[in-house]
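Notes follow once the structure below has been shown.
Per-chain numbering from 1; labels A, B, C, D and E assigned in written order.
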Amino acid sequence: MSSSESDTTADTDRQPNTQTAEGTPPLRVEGLQKSFEGIRAVDGASFSVEAGTLTGMIGPNGAGKSTTFDCITGFHTPDGGTVELDGRPITGHAPHEIAQAGLVRTFQIARELEEMTVLENLMLAPQHQLGEGMWRAVLPGSRGRRSVAASERELRETVWETLDRFELSHLADEYAGTLSGGQRKLLELARALLADPDVLLLDEPLAGVNPTLEKRLLERIEDLRADGHTFLLVEHDMDVIMTHCDRVIVMNQGDVLVEGPPETVRTNEQVIEAYLGGDV
Amino acid sequence: LEGGNETGGDRTIKMGMVVAETGSLSSVGVPLRDVGHLPRIQINDADTSTSAEVSVQDSQTDPQQSISAAQSLANSGFPAVVGPLLSEATIQVTNEIYKPRQIVCCTPGSTSPRLTSLDDDDFVYRTISSDAFQGRALAQTASDRVGASSASVVYVNDAYGQALNETFSETFESNGGTIEAQVAVGQQEQSYVSQLEKAMSNDPDALFVVAFPAGGSQLLRDFYSNYSRDTPIVVPDSMRDPELPGNVGEPLTNITGVSSVAAGPGKDFVADLYSEEYDADTPPFYSYMYDASAILMLANAAAGANDGSEIKAQMQPVANPDGEVVSPENFAEGVQMAADGTTVQYRGASSNVDFDENGDMKRVNYAVFVYNEDGSVEDVDTIEYAAD
Amino acid sequence: MTDGTHPSRIEWFTEEVPGGDAALVAAVMGALYVGFTALSLLVGVTLTGLVSGLQGITFFAAVYALAALALNLQWGYAGLFNVGVAGFMAVGVYTMAILTRPVNPDTGVGGFGLPLVVGVLGGIAIAALLGFVAAVPALRVRDDYLAIITVGLGEIVRLTVNSQTFARVDVFGVTTGTGGANGLSLPQNPVDALFYVNPDSPAEGATILGDALFGVASSVGIPNAVALSWAYTLVVVGFVGLFYVYLARLANSPFGRVLKAIREDEMVAEALGKDTNRFKITAFVVGCALMGLTGILWQGSQGFTSPANYLPQQTFYIFIALIIGGAGSNTGSVLGGALFAGLLFRGPPLLANTVEAFADFGRAPTTVIDAVIPLASADPFPLLAFLFDHIAALRFMLVGAVLIYLIQNRPQGLLGHRKETASTVSLARGGTDEQ
Amino acid sequence: MSLLTVEELDAGYGDLQILDDVDLTVDAGEYVTIVGPNGAGKSTAMKSVFGLTDHMGGSVRFDGVDITDDNPEDIIRKGLSYVPQNENVFPSLSVEENLRMGAYILDSVPSSALDAVYDRFPILRERRDQRAGTMSGGQQQMLAMGRALMLEPELLLLDEPSAGLAPDLVDEMFDKIDEINATGTSILMVEQNAKTALRRCDRGYVLAQGQNRYVDEGDALLDDEDVRREFLGG
Amino acid sequence: MIQAAMQRWIGVRGRTTKTAVALGIVLILGLIAADIVRGQLSAGTVGVYLWQGVIIGLVIGLAGVGLTLTYSILGFANFAHGEYLTVGAFGGWVATFVVAGIGTLELSGLLLLGFGSSEVNAGSAGVNVATAPAAIVVGAGFAAVVTMCLALALDRIVYRPMREQDGIALLIASIGVAFILRYALVLVFGTEQAGLTTGSGPDVSLPAVGVSASAHELTLIVAAIALVVGLHLLLQRTKLGIAMRAMADSESLARVTGIPTERVVRDTWLIGAGLTGVSGYLLVLWRGSISFDIGWNILLLVFAAVILGGIGSVYGAIVGGLVIGVASRLSLIWLPAGFVNVTAFLVMILVLIVRPRGIFSGRSST
């Protein structure tokens, strides 16, 4: 109850933070390690993601990509190594702290809030909402419920725009649990974008999304990158990686195999052998 | 709709009962309810111009439900109620219903000393005595008759058990004895062995066991399968139950009990009446139940109206000395006499039933009983207290 | 979830009553009143009896509504399965009693002699504090585990206040305690002070308000006591309104939205930067505080409380009330409280009275075997008499059957089908109306 | 004669109708793909074949026998297997237990079937005792497929089998499906990886808004301008 | 602040838990030893507490085995479990009484276990393991059969129409079932407690533990071990067992995989109910008396044991029961006896704080 008023200074329209301390990459991972019952899922991976880029992450199934995401975002506590966001260490912090610090992720297997409507799912996303404090939500007056209502109205407009863009408007009032597989992925992505973080970690957001829609979503991601957002994208579709990514990180057996611009990665012997298969 | 104020002519005496038909006291509550019906049956079977109506509501052995039960009786115009049994419930119902709604209550089972000082506007009476006396009688029995100079107490952890433990221990110690352990137990535990071990670990001369027959039979089973029957056991009236030896499956010859049971002249008559009517042995407390029910009907007859205040005014006159003696044997005629305006005094199954100014019994008689080898219960002595 | 098999009638009723939710509640209460009055008239109840009976129904309806509302915040919204409701009520009531009981009284254990307001606030605060303590493990375990932890906590509270060890203790030089199994007297209910100059001795006369109330009451032949009970009951009903407004606002806000998200998938909420622990603790603690207050309002009129009031089944009853209404819906909680109190709590005894008034089955056999054998010779009366003799047990079987029927045919409760969107404003495209 | 014949099928969830007069056929040995936008009803169509939706009209026949109202167990006995799109492994069971469950209807699990699956997906042999829920997304996809192959079905229903697989595995997966198809098993598959899928299959269906839109040979659909623009992202 | 501290605390927990638990146990043993040395406590008394704790723990755990099975496989907390136990016990004991007393005692009294009869009671029936072993074996079998039939009937009437609903809905329905069963028993057998056995069989002294055990206690222990090991093997090794766990994971996937889910549900009920009936029967054999609410009275502790052990874990239920049994009895050394159950619940809460998913880390399924 004590901290419920602490969000009064929050500003929902925060601009993406492009000018972090000179040259510090927004996300830096150093020697990350994580094992499960003897399986080394992540084994000393180090990489960094530059501000304002769309960085791809590829690698065979089981290479440790999702586990790396889990360690960065606080869903797993790494066994070793450090994670820095804008130069500040966030290793082992709680997921919500990391999200509040400006780093948000999606889940590979879409996790919808099944008995909430699509609208509610999206309304939830933005951080530091006014009415998330208990007293503000309840008490009348311009510093209370009335201002909450105002910010809710504003948010509502944004949410509807997003719905249109993701072709989900006709489902706005449906429970998220009734969506089709691809629609779930869309909702997952839309929710993360609405949270409006500086850095976005997307775990196969486009798997199962229809190609036509996929194209439009990638355009949207590019727009956001142009606005200064930073993306780390796990994707198995090499066409997407080749045409949209600035840089590519290739993981294999828990470690970074190669890192570099798409063209060089594509032709890298090791990558071809471990990941792409012979005939590319 | 107003409950009629008929004078003479045909009258129906209304009385309610709030008893535990379900819940933890239901094993006593159900047979006691049947006992409570006996006076009604007597009146209605007799060829008089008075008849009686009894309505029963389930207390579920729960104060909250007791309130609901009493309220529903009050709403149906029952001016007098027998019960509830549980002291906690009686206190709560008094505050919530009996006092404000002016209903006379006579309980056969609430033995808490707190009832004596309860602010009840004289609407609450009881035919059973306060545990303040029983605890003393038990302590006296333990030291004098059983000859124990040290004792441990095992008691059920409710108002009844706690009050008896308190008065027993106080008296026993002030008589020079030592209390080795006071062990609270639940009413329905799976096993009492560990608690018994705690009580027995310092080798007390005697064990004082407060329990109800349901949990009590289990407790005694556990005792007999783990300890020698050389240790005498003292029990209060709740453990006077003819079915107990059969249920325990052992002779209870090391048990000495104190019960305020039935020193009234009509007790055997009521027992016979019950067996005849229900084809079963009488439950513990039956005589108090009968008397509570009977005295409310008698006072109602004397009052001539189904009206709480007027019945209250008749409670002491019909119970206390002076007047024609009414007893369970001639109960129906007695009711008719009272209805006709004759001064009566009730002498019941449990005692002579004389109320003091608190609504408690003026004089209480305790029987000291033992269980014989063949399982029968025998009274071997009596102890008498007069209210101070 | 939504199976389309039993939609129509109930939904039509709950959605089409003109006047919205307030009218819906009023309609249900009205129906209960009518039913109760009809049965009462059948058995020949006096006017006083009727008025008092309606008071009883209203009081319990209000108390169960309060408890169900508080539980709805925890379970309906945040998915926190609190099965220790009775324990939190007990803590509220006992704290209030110990704080307000006179120092060294003539009878019973003493207390700190503080004013009633302090007692009530103290009761709420300590219930909240216990809620906080319970919330610590609650942060780490989910649903079933939390359920059993809170059951355990409720039992710990009850066994502790029941124990002779704490019946009488010295705290800061004051002799006080729980009174053990014997229970504890509570202060005079403050509503009486509105009507009597000195509520401890009504003989000293009534206040102006009191004169008015008693005047009206006596003109129709209703005793003062019944009128006073109604007054207290109306205060409790007022609290239902306050709870409702507070909780509805809380639920329909970004705060409530996060709670719902936690109920659905805590990880998602975390990933979106919601400090789920804070929300869970807040919801749980607030719910427990409200339960403490509910306990005080419930026991407050009775002048006395004892551990026997706080058995686990008390919590079950509250759950049943909430389920009838539909978890997740505040209006549903109120309806559920009313229906539980009216139909399951007070209804069956009244029905039994009615049957008793009109039927006589003769003497009941003592065992079921004796009751069934005559059936062979086509004589059903021994069995009927036997069953009527066991009406109390049958009543519980009825409650069980009703519960099963309801959950099979209407699992989402009366109002659980509603999509009550958690937001302060309507979310319709371009909508403007506030919720 | 067609192996699977879906005729004028109407189906949905509760009162909500999703499929509207859908027709599908798969001939013996044929390899058929369904593509279409998200929410078109592709998964619903697959589920309907398996009797998992609320049936509202039309019929499903397998080998000439009506199976519209059969329960899944009987359908499996007739020689169909199905790999759902989401949640398609038993997370708390080990890999091998998952596979064994695939052959539940047999009295005992033939070790040859198990070996065949392990040979097809070596990673599964390596991880036979790992709890399925802790496998990576792609590994789970393979496990689900392996389980469906345990009974060597006549017709295999696959809902987006390549989703989440690495490119080499995508190719491998399609190769494997070809192989399976080559051994005589008919395939009915839903795919978002539409171009590859259409290239490889014999025949394709385009479903949109619960209705048949186009049916043709896979390559023909790939070449169709409208189809490309509307459904294949140009 | 608090949050951060808590987070940190949760972080270090893993490493320190084991040490803390070990330290705690050593501390308690030390305290007991000190009390014994100072002569405040006799070793015999501690022995009795421990032994009783073990027995009660086994009783609770055994009662919980059927519950943990249905809980994890069918996905709901069965609040009527206590009544299944009681019905099984009544059914079994009626069989035992009829076998033991037929011809010598009146049949109606035997059928009602002496309720409402002046002739039939524990003394006159004279049943114990030594005097009537056959009657007891028949009774235990009958207990299983009665409970199985009951479970099947209830599944048919109550739970099957609700297959699509979630765990909470089923839980609520089971509360309704509990009410009906409990008070149906009241209708037939009344509310009193009836003694059933005479004595508890010959005593067997166990010098290793320093206590002597009754034959009934030994029967209980042997049966408990046999049933639990058997069930564990069934779940881990057999096809049915794996299918049950698969069902617990995902019922819909189980269906499309071809697992006949209805049959697995039925088998789960049969096995769970059979175990429950036998454990109810053994419970009564051990206590010696029966009443309509024996199952209800231990239900909360049984739930505590099941959850403590980890839902779905068979051994967990037994271990959970043992923890609760032993801790609550040992509390008698220091605490007033009124706190036995307080201790049981406190220990449960403490264990869950350390191991939030239960000792054997089962899975939550509601």
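Note that in this section a residue touches a chain if its C-beta (ideal position, glycine included) is under 8 Å from a C-beta of that chain, and two chains touch if they have at least 3 such contacts.
Here's who's who by UniProt: A = Probable branched-chain amino acid transport ATP-binding protein LivG; C, E = Branched-chain amino acid ABC transporter permease; D = ABC transporter ATP-binding protein.
Computed from a predicted model, the values in this text were never measured in an experiment.
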Path length in steps (a step moves to a chain that is touched) from chain A to chain D: 1
Higher-contact pair (C-beta pairs counted), B-E versus A-C: A-C
Interchain centroid distance [CA atoms averaged], chain D/chain E, Å: 45
Rounded Å distance, chain C centre to chain D centre (Cα mean): 52
Euclidean distance of C-alpha centroids - chain B vs chain D, Å: 76
Cα-centroid distance, chain A relative to chain E, in whole angstrom: 48
Touching two or more other chains - residues of chain C: 1, 3, 162-164, 275, 278, 366, 393, 396
Of all residues in chain B, the ones touching two or more other chains: 22, 26, 157, 182, 184, 280
Of chain A, residues touching chain C in the complex: 1, 3-4, 73-75, 94-97, 99-100, 104-105, 107, 111-117, 119-120, 123-125, 127-134, 137-138, 145, 148-149, 152-153, 156-157, 159-160, 169, 172-173, 175, 177, 191, 195
Chain A residues within the chain D interface of the complex: 36, 39, 58-63, 66, 108-109, 167, 171, 178-184, 186, 204, 207-215, 236-238, 275-277, 279-280
For the chain B and chain E complex, residues of the former touching the latter: 22, 26-27, 30, 157, 182-186, 188-191, 193-195, 197-198, 201, 213-215, 217-218, 221, 225-226, 243, 245-250, 280-281, 375
Residue ranges of chain B in contact with chain C within the complex: 1-3, 21-22, 26, 55, 57-58, 60-64, 67-69, 71-72, 74-77, 86-89, 91-92, 95-96, 100-102, 112, 114, 117, 157-159, 161-163, 165-166, 182, 184, 278-280
Complex contact set, residues of chain E against chain D: 239, 242-243, 245-246, 248-250, 252-260, 363
